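Structure record follows, encoded as structure tokens.
When the chains are written out, they are named A, B, C and D in that same order, and each has its own residue count from 1.
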Amino acid sequence: MPESNNTAAPATEPKMLKMTINGKEVEVKEGTSIIEAYSQHGMSIAHYCWHPGLSVAGVCRLCMVEIEGNPRLQIACNTAVTDGMKVNNESEKVKDAVKWGLDFHLINHPLDCPICDQAGECGLQDQYMAYGKYTPEMAEKKVKKHKVVDLGPRVVLDSERCILCSRCVRFTDEVSKTNELGIFNRGDRAEIGTFEGKPLDNNYSLNTVDICPVGALTSKDFRFRQRVWFLKEHNSICTGCSTGCNTRVFYNKEGLFRIKPRYNKDINGYWMTDTGRDAYKFVNKEARLLDARVVSNGRGEWIAPKLAARKAGEALKGAGKSVALVVTGQYMNEEYEALLSYFKNEVGTDRVFHWINNPETFDSFDGLLARGDKNPNTKGLLAEMAKQGFTAQWRELAEGLQTGAIKTVVVAGPENQAVFPDLKAKIMELSKASKLVWLQAGKNDQLEALTGDVTLIPLKTYVEKTGTYVNYAGIAQKVHKGLTVVPNALSLVEVVALMKGEELPADDTYNQVGLGRVHNEFTMVRGTL
Amino acid sequence: MSLVQKRTELSKWYLPAIFQGLGWTFVKMVKNLANKKQMITLNYPEQKHEYSPRFKGNHVLTVKKDGSIRCTACMLCATNCPAECITIKAAEHEDPTVEKFPISYEIDMLRCVFCGFCEEACPVDAIRMGPEWQRPAVNGANFVYDLKELAYRPSLKGGIVSVVDETDRHKAGI
Amino acid sequence: MAEVKYLSEHYHKPEYRGLAGYKANGGYAMLEKALKMQPQQIIDEVKASGLRGRGGAGFPTGMKWGFLPKNGEPRYLLCNADESEPGTFKDRVMMEKAPHQLIEGMIISAYAVGAKKAYIYIRGEYMGPAAILEEAIAEAKKAGYIGKNILGSGVDVELDLYLGAGAYICGEETGLISSLEGFKGQPKLKPPFPAVQGYLKKPTIVNNVETLAAVVNIIRDGGQGYRKYGTEKSAGTKLFSLSGAVQKPGTYEVPLGYKLMDFINNECGGLLPGRKLKGVIPGGSSAPILSAEECMDATLDYENMAAKGSMLGSGAIIVIDDSYCMVDVLSTITHFYHHESCGQCTPCREGTGWVQKIVHGIVHGNGKPGDVDLLLKIADNMKGRTICALSDAAALPVLSFVTKYREEFEYFIKEKKSKVKGTQIYAQLNPSEMGAH
Amino acid sequence: MFQLSEEGKAYVKSELARYESKQSAIIRCLYRAQDENGGWVSPEVIEHLSQLMDIPAAQIDEVSTFYTMFNQKPVGKYHVQVCCTLTCGMLGGRELTDAMMKEAGCKKLGDVSPDGLFTFSKVECLGSCDTAPMLQINRDPYTESLNTEKGLKLVRDLRAKGGK
């Protein structure tokens, strides 16, 4: 079919509409609603039940806007933009409407702010600051509903705080498609809830806690653990599985407290799995290896990691084929590059093995976000191994250990030990080697109890170092260092530099965790006189 | 306010100024001996100075009518404290109408500047600044008062009942 | 102008309910005539007749049918027999006395709008009329008036009965559609309007029982013939349900434009002896009340009622005399709306609850001086702020009662007892304590 | 565990096929299950219906708690629903309810009377305001134009009829 120079605009290019928001001239695609136009141009508009990732409910009635030529206020979430439309949500009429809309939300709302986890990031508190009445006129009795309802293993509901915006119900219908939540009864006796036998128990249940604008749905894991205004935020990637969801990590001086998803159009949208949210537990101090441990002829002692790395480096120099390297898919491209080139050139071995943690469920996929491959950077490792030309099979390691051809085994162990079911077996198997160098971030009692020539070196976790992960689809995502949990832990790049004998640049330990003044040191010191 | 006096001829001789001061003290001594009641000195500790009710001394954590701690661990005092000397750890209460209470509440008295911001910030009158302030201790560690100390120390005789009580508010349906 | 038997010509005959009796009195002849006409012809006929919706909004039926898009999508015709507006019982009388009239009207209308499927949504409490309708549909199906190739004309229309389960909100167009789809009867967002995307996201027309029944007479007498009753803008006759303080309450069919006071005094035997008129609710509980003076010159048609600040609505006239305490009347109305609010939109869900608590507070003697103005402010801020009109329906009575009978409310607040002697005070009932549901 | 009778199951099957979407059959199946379960919808009923109709239980529970004609608590043999809105309320619907309840021995609305025969509910407008005050028993046609003694007589007749 000859290339016809069709004059009509190609179907994919949507028509652009002109409109003015609060006096500012903007252009939007056809078919967007007014509230999408507001959020695309960063203009603030009060809303509760609208969420970009869910269908439009139009029930909170707060996103009222005044459209020129329309006597009645219209809701912005369900009104589509027409060409030349003049919209404004700062006029007195709109402010009064939102003030009353908010007041209707608040008349049956309990005075729970002191005991509510959402205080500090609660939609009602924010809007009250902007549109609050400050002279409440409601003196009647509030409607009493169920408090502290156990919705499922990870979510707690408080029906009195609920403003019935139906976001969570739409989430379980449209995103997780498990239809667990529903709104029962009618009028202001209506309550969110699950049916008796079916709790809210899918792998995405904690997303309902994120999208709940008030403190009705709270997460059991974070319940009463910290106030949100004591937490700082750091953008990162979830290393729970190979999808690589964009996340926000919340931390302060006492460590990490929770993880929330961050919008990324083509990887995870607005959502995140519940298992991914536990990816902060192995980063906190109590789960980490704090110092290097060297065990020689039966006596183990804790020494500085830098010293241990240098000693291991000397043992490996020019050891050739008697050294084997076992790598997991939990590290960054930069680390693989340094590690594998070091083992290929300086050490001169081609026995590099890729430790796959769950071979049977490796390629499973639950249809939304959770992938069977629980390592964030398997793709990066495979690419690096191919580049370096390592093609060793796992059974060669076993034979090598059997025949004694392999004397030293260096293991870049799992950062997130929870996803390695075969960890115990592997430790037993690899400890047969005459010399074992185990690089790992997390604490492991079995490793610390090993006898024979063992060196344990603590590593940094994904929030403490900068690097790139490549997710299952080959999308490279850069992660930045946000904080320091274990000051003297090393990254693989640093370990390799030390093994080569180079000196390390001073590492700036900003956002140091763990130094928090639980008590006043001054008094403690005097206490000992 | 300091009065800077010009150097006079007499003050150059140093001794006259001394005797002028001693004279003044002598006059005061005679007056006091003549009229003991006017004397402003207090025989501490038998006589203690009466402070005004607004005096901001050692903190007191109030209790509910049933004696349980009134604080709901909402962390507003810890947020408002300029010296950051309040450390609270919250926990879940088994009674769903109470829901949240402090499992540990510590004030580091050596760091506290007794400004009373915590008293102002508290939404439920759970913390007050009491009248006592002379509480010695042997070493620094004892100056970190914990929950038992702040709410149930002997001088509080079982705890001060808070004016804002949840149970009445719930019954009234607000 | 007085009572006229135009639609309800044969209602007094008991056999009119059966198929044979109905056909004996000229039944289904209009169906044959309509099937010979073109659908657009029927729509033009209805437009010419000036027939307006009898359910409550009074929207011209011809225009409503005109909104249907001309694409080939399957479309539905729904009959709104939910009739839960307090004071209204005309549809029940029509369905009990002449089910076939409704069926014939529906088949003709379905043919006119090109709907292959039609449903009658009847409220759950109307078990009597539902049984009668079920039987009538079975008879009509057997006689070939419903189903495939009706009377050999190649037109096929399926008609079925859908049972509601007790929700006033299902009287609202989109509430009815949600309930028909099997979900909670919660209204849908508009736009898209039902005519474009309604039942199962297909174009849908929802009409009241009386509107569809009137189509039969329009086909018989033609558009102009239908106009011989009623005024220029409000054409035809309407069934009114009379209740309250009158001698002979009941259902009467009168031409639109008939004077209200004549209607009350002549057909309904006037007020009870020794009582003085205090006010009339002309169009069901959601219509603002007309004070005694306003009733004197009120005439029963859409324009005059709108001019008086009220609505003709579903034509449920509730006469209130001086033995009623207005605060007590309003407390039952606010209680009704609080119980029936579907709870989707915040202004209505919380507003109806708040208004009900204030009015019940006044009735129980703990009203506060500022309550009267507060009621007006709340009601004003409930109007026009929600997906469907229940919030407005809840606000309008409050606004009209409080503005027109303000001294009674203020007396009640100050004296802690009703201005009308002998008013019984009842325990405050919030909806969850009303019984087994 | 509640189980529908055989005809009940056949009825549900036919209802599922009757309407365009499966959910539309919920209301009629709930009516049927309520009648077979002694007049009220218990969680077992919903669980059973959910399996039978393959519809998430939460949706059926939503529908059953939304509408007023599905009872959430056990009811007596005669569930007397008295209309108390507007006209009926003004013309004595409320006195009628109180009098009948005292006669039947129910203390609160929604309670089952000691002899298990009566449960009283105040319901909204039943669409028969010309014959106010009036009531509906279970889902039978209306009992209209009552006053206090007619109501008491009704209770006695029902007790006599139901008592055997």
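Going forward, a contact is a pair of C-beta atoms (placed from the backbone, for glycine too) under 8 Å apart; a residue touches a chain by one contact, two chains touch by 3 or more.
Source: prediction; values computed, not measured.
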Taking each chain's C-alpha mean as its centre, the one farthest from subunit A: C
Between A-C and A-B, the pair with more C-beta contacts: A-C
CA centroid of subunit A to CA centroid of subunit B, Å: 45
Separation of mean Cα positions, subunit C and subunit B [Å, integer]: 71
Separation of mean Cα positions, subunit C and subunit A [Å, integer]: 55
Distance between chain centroids, defined by C-alpha means - subunit A, subunit D (Å): 51
Shared-contact residues (touching 2 or more other chains) in subunit A: 140-141, 183, 185-186
Residues of subunit D whose C-beta touches two or more other chains: 59, 62, 66
Where subunit B touches two or more other chains, by residue: none
Graph class of chain-chain contacts, one of line, ring, star, complete, other: other
Residue numbers on subunit A that touch subunit C, as the complex places them: 56-61, 64, 72-73, 78, 80, 97, 100-101, 104-105, 107-108, 137-141, 143, 163-164, 166, 183, 185-190
Of subunit C, residues touching subunit A in the complex: 167, 184, 189, 191, 338-347, 349-354, 357-358, 361, 368, 370, 374, 377, 381, 384-387, 431-432
For the subunit D and subunit A complex, residues of the former touching the latter: 43, 46-47, 50, 56-59, 61-62, 65-66
Subunit A - residues contacting subunit B, complex: 111, 113-115, 119, 140-142, 144, 147-148, 223-225, 227, 229-230, 518-520, 522-529
Subunit C partner contacts - residues on subunit D that touch it in the complex: 18-28, 30-31, 40, 59, 62-63, 66-75, 79, 81, 84-87, 89-90, 94-95, 108-110, 119-132, 136, 139-142
